[in-house]
Amino acid sequence: MKEHRIVFAGDSTTDADKLATPDRLGTGYVRLVHDALVAFHPQGRYCIVNAGISGNTSAQLLERWERDVLREKPDILFCMIGINDVWRQFDSYDALPPAFSEDAYEQHLTAMCERAADVRTLIWMPPFFMERSRSDEMRVMTERYAARMRAVAHKTGRELLELQPAFDAYMKARSGLSVSWDRVHPGRIGSMLIAREVYARLAREVS
Amino acid sequence: MKEHRIVFAGDSTTDADKLATPDRLGTGYVRLVHDALVAFHPQGRYCIVNAGISGNTSAQLLERWERDVLREKPDILFCMIGINDVWRQFDSYDALPPAFSEDAYEQHLTAMCERAADVRTLIWMPPFFMERSRSDEMRVMTERYAARMRAVAHKTGRELLELQPAFDAYMKARSGLSVSWDRVHPGRIGSMLIAREVYARLAREVS
Amino acid sequence: MKEHRIVFAGDSTTDADKLATPDRLGTGYVRLVHDALVAFHPQGRYCIVNAGISGNTSAQLLERWERDVLREKPDILFCMIGINDVWRQFDSYDALPPAFSEDAYEQHLTAMCERAADVRTLIWMPPFFMERSRSDEMRVMTERYAARMRAVAHKTGRELLELQPAFDAYMKARSGLSVSWDRVHPGRIGSMLIAREVYARLAREVS
Amino acid sequence: MKEHRIVFAGDSTTDADKLATPDRLGTGYVRLVHDALVAFHPQGRYCIVNAGISGNTSAQLLERWERDVLREKPDILFCMIGINDVWRQFDSYDALPPAFSEDAYEQHLTAMCERAADVRTLIWMPPFFMERSRSDEMRVMTERYAARMRAVAHKTGRELLELQPAFDAYMKARSGLSVSWDRVHPGRIGSMLIAREVYARLAREVS
Amino acid sequence: MKEHRIVFAGDSTTDADKLATPDRLGTGYVRLVHDALVAFHPQGRYCIVNAGISGNTSAQLLERWERDVLREKPDILFCMIGINDVWRQFDSYDALPPAFSEDAYEQHLTAMCERAADVRTLIWMPPFFMERSRSDEMRVMTERYAARMRAVAHKTGRELLELQPAFDAYMKARSGLSVSWDRVHPGRIGSMLIAREVYARLAREVS
Amino acid sequence: MKEHRIVFAGDSTTDADKLATPDRLGTGYVRLVHDALVAFHPQGRYCIVNAGISGNTSAQLLERWERDVLREKPDILFCMIGINDVWRQFDSYDALPPAFSEDAYEQHLTAMCERAADVRTLIWMPPFFMERSRSDEMRVMTERYAARMRAVAHKTGRELLELQPAFDAYMKARSGLSVSWDRVHPGRIGSMLIAREVYARLAREVS
Amino acid sequence: MKEHRIVFAGDSTTDADKLATPDRLGTGYVRLVHDALVAFHPQGRYCIVNAGISGNTSAQLLERWERDVLREKPDILFCMIGINDVWRQFDSYDALPPAFSEDAYEQHLTAMCERAADVRTLIWMPPFFMERSRSDEMRVMTERYAARMRAVAHKTGRELLELQPAFDAYMKARSGLSVSWDRVHPGRIGSMLIAREVYARLAREVS
Amino acid sequence: MKEHRIVFAGDSTTDADKLATPDRLGTGYVRLVHDALVAFHPQGRYCIVNAGISGNTSAQLLERWERDVLREKPDILFCMIGINDVWRQFDSYDALPPAFSEDAYEQHLTAMCERAADVRTLIWMPPFFMERSRSDEMRVMTERYAARMRAVAHKTGRELLELQPAFDAYMKARSGLSVSWDRVHPGRIGSMLIAREVYARLAREVS
């Protein structure tokens, strides 16, 4: 029976209150992906690690990259990070250090890539924002950071899994506020959208 | 925007602790189906009612059929009932009244059908058991009750949605005990299996 | 010693978790206004009623207008309502009834005015939104509703107390997201901004 | 007054939530045996230790054999272990290491025997399963493991106390599901069955 | 399958915290008797009602005799009452009404007998006290009340089941204080002693 | 202002749930004595330490005599100990070590006396039992232990404060069971009786 | 055995959290008086009712005089009321109605007297204040109200039990703040002072 | 964007239950000052530290002066301390050490001043008491301590911010008891009075 080691690195969207669930998978997209893999592909074994921590920025994720992510020796590593690098520039009372800049963001991602050289499959999931107005100031900034992630992926020959399109399709019919009051935390509906994309990618792997 | 009124009638598999969730959808397959409909078909409106109550037998469901089910005026009504009619014959300390017999079961289903004449689409989901040994005494009895449900459906020209095949496919690779220690409550993995079947049926409806 | 009967009607911004506070004043701007009046004008007596209920729309406030507001026989009545009429059009899964339309909103306000003919001083506080982009779709709609409130005030010869300017001044320096992740609930900083405006108006009255 | 040191080693059937009871005897058969000894043979002193831990396999029990079992210096040692070695092969999502094999099981028991050479009376209680169908796949495997325990007992000249017959007698009248939904945890009825057998053996000793 | 309706009427010794147990059997001798019947005589059905209420005197039990006891239509009715009639004369701060006298006690028991004419088997269990000194003032009084119960039983031709002998046998080896600090509440050891006597009587009935 | 350092050493009668009270005085006689001293002799300062621990025997108190008692440098030291040395011989399931014998008791008290040579005033309070029958086996033994304490007091020239007489006076009117179901723990009424004796002795000291 | 029916009417000083104590006596002076009567005069029976309610003014006590006080048919009735009539004039935010005036206070007491004509012994306890400065504005007002109570007592020939002197004696040595931060609630030390006076009066009655 | 580091050192008036608030600002004047600064001067950044601890005396504050106060490197340091040095002399049961004397108080303040030489702006807030009678013994003593603080401020050339005048103005209209039952803890009204003074001083700084 084939075993698949899959790690999801990220922030609160990945974390999804994982410490409150006995198996530490949380209540978000990681849970849905795990359950779908076991249910629909029972012939495999899945060692799935939720390595998201709420509130993490790229700097914080980089700091724990070996300890929480690489030590798990993933075959497949998904990484969704960056929205907090952006958000703190809008909601913070305190002055932000340089670690929040676009350039710092790119450097953090690059460092993660280099240290993950042994990981067979590394899949970047660029940050997205649940606001359909493309001129919204936070969406604009989110897209600039997403572009940086794409640049890193291309430069290092790693995969990209885009999630903004799934949300944009949804937002043709309804405002992003119906998914999330703060337009960042995906909740159950947004987790379903993310999980479908991630599961589709994994189904190719495990079938 | 088109509105769909969908009701799920049943026992604990449907209920799934619904009173502990603010929107009363529970944590089982009804939740997954709801989230998938909203996420992947946002152009529709979904009024979804979880009318499952843990421990219900067909007699108990019939008793509350108008009050809890028909009063919601469903366009589409799913009904999964019967496993408790079977189970009580195995786990009970007390003598069971005649209402638990196969014949009574068929009569209860027939009565539900008659009273639901105004429901456009009524879909029966026969009871299933998460045990792959077809000679297991409880699986044998479950199948006899399922056959009664099929008979009612055919007689009244209503739809059937079979779930045992999805579990049998799963159990080719793993024991049913990996889904559920008691082989009745589907948990997260079993809910995923059920939800896929139900969602597939509804996707035809709402697209 | 002069007694002032002051009622604040509204939604969650006014309510501010009032049922969790023993004196039912809540933790928002009503609390701050009360404390400032007592502290800085101790020669008066203040009978202050928080008549806000979280989630209220103009239709819901109108429904309880006599029971919760007029029955208190205010000398001075502040009314802040409308943001939920707007918000539900963005975050709702269900279809909205006509009571959420702009025209309905104006009719509700007009009915409140008529029934409050005996109130000496009635002060309308138009809805505001903590988003500095004036092209944001929810801000645009909020402003249309605010314009309706102004029209009602002018038509009936009642006072207006504008709060959007105080937030716009603040948002010159920082994003509205620093006040509130959902841009609606004012939190401590927004309550301070509102309280200053309301207190300034009342100080003229009680000095 | 004669003192008897009696230790019960095992898994959840022995443990029975012992940490939730002030005297650490748990709520299962160990409790019943203790109470019956004190009540019906008050002329003796009984130092009884519940050394069961929920979920333990034979490998885990062996690992703590000195620390939790032998250190108590029992005159009489009961050991009931093995059902989790079997069960994990049915309910596990993860791949099982070799420590769960039948051969490993026999090696673990043999090692326990060797280290317990100083124990005057060592009584093995082979694993049992509350399913009356002898062709059930988990019962079949349980019986294979029980046979291994018998082999070890015979080889080392130690006693056996069989419990499956008591359950089989019960199951002539009722399904095993009436004792236990998962057919493993004995609950109050099953504990009564076990306690009668264990007490009968001890009564010979203490009278 | 034969059904046996068995009711236990009494005070705290019978009650044994029954409201804290989901099946309302409590944690005392009633529980043990029930479990032993089901475990060792599974061919019967047992409808067992714990009709004990903590603190009850004979007057209080008489008052609820129809409502709580006879309404259950027992085939076999056990009744253990009287220790509180005695105890209140020792521990009470307030003056006791005549209802606590020996004569009143006998009248209460007689009335219960008369009203229970339809009960096939009524078994009286005279009060006992866990003190081995026969000159202890509370034991002396308890024995006077027990004698009254025996008189009623003889007069009405009903059975007696004596429990004091079992405790006296135990107390040859250990003080009654080892069973119970207050010498009234039997705890686990005393419940085991009572249950053995009651079970022995019932085993004759159900075999 | 004169300061008095007073320590009360003992078992549960002294302890009286002290850890549940913020000032660690407990809810028994120590509390009453403290409150009466402060209320009726406010010109003094009272440093009062409750050094009782529930369940303590004389052996256990001796073991912590320096740490808990002498380290507090009392001017006046009250010591009430011994009832648990007696009680364990009646309520224990396990065999008792020699440390519970009368001779051991006298040795423990003697050792306490010797180590407390620097304490100005040491007052022994012999154990008492709330049973008026002088032939009760536990009262008989309690009196034997009390005699040993008196012997130690006389031999070392220390004071005695007898409490049994106050309880005997009370028990002329009511059974000891009205104070305490187990005849050991004094409760509120017994604490009042003890406190009056202790306060009377202290009032001579502090006036 | 003689029975004494004693009722204590009053405010929080009497109430003392009575609803939190199983026998409804509270934790203040009523508890101490009860315990001392039972302990030191066990030959009597005491039916003691705590009829204090926290925050009560004389108007509120009068309103419930029949229901809570006279219905208990006291032989001896203690009444301590008035400090809240005074205190509200200092701590209130709202305008006080005429019911708080000195004249109203006297009328309320007079009405209580008239309705209590059948009570054998009625003892008034005038309000007191734990502040030793006799020029303190709240002490001055308390004394004016106390004088009114004395006038009512004299006019109706009822007893007085003065408590201020006991507190004044205490306050010669220590500030009233050592008893009570708010100088109103007596706490444990003040309750001891009150209880001594009340007990001394009752001891004459019950001996 | 300019950053202001502001520390508030003190006792419970400053602390205001800070550990119960996630941002450790408490619920008192520090919170109000923070919120007003952010709301009305959003162009600045404010690093505000609540360094108050309930119950602190000047000796205790001095002991933690480096650790809790200076280590935060304040630009502006407010210090309100002394009321507990005074209060303990009124409410304490134990003898007070010399550290509570007026001279000790002045020495503690002087030592704080010397160690805070690097702090640009140090503002002393003398203790105040919410009692309008200037002859009240605790107010008299509070004023003596306040005079000592003023002396230290003058001697070291540091600022003073007086708060007693704001309370005296308030108390012209209402008793101090309307702010606080113990006349020390300012509650919401007193916090509003303090916050206005502190904010006015800071507004000069940050504009």
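For reference, chains read A, B, C, D, E, F, G and H in written order, and residue numbers begin at 1 within each chain.
One rule holds in what follows: a residue touches a chain if its C-beta (ideal position, glycine included) is under 8 Å from a C-beta of that chain, and two chains touch if they have at least 3 such contacts.
Because the structure is a prediction, the values reported are computed rather than measured.
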Co-neighbours of chain E and chain A - touch as defined: B, D
Both-way neighbours, i.e. chains that touch chain H and touch chain B: A, C
Listed chain pair A-B, B-C or A-H that repeats interface F-G [over half of contact pairs the same by residue number]: A-B
Chain centre separation in whole Å, for chain H relative to chain F (CA means): 47
Between chain G and chain H, centroid-to-centroid distance (C-alpha), Å: 39
Two or more partner chains touched - positions in chain C: 38, 93, 178
Every chain pair in contact, whichever chains are involved: A-B, A-C, A-D, A-H, B-C, B-D, B-E, C-G, C-H, D-E, D-F, E-F, E-G, F-G, F-H, G-H
Footprint of chain E on chain G - complex, ascending: 1, 3, 38, 45-47
Complex interface listing, chain G residues touching chain F: 31, 35-36, 38-40, 42-43, 170, 172-174, 178, 188-193, 196
Contacting residues of chain B [partner chain E, same complex]: 93-95
Complex contact set, residues of chain B against chain D: 87, 90-93, 132-133, 135-138, 175, 177-178, 181-182, 184
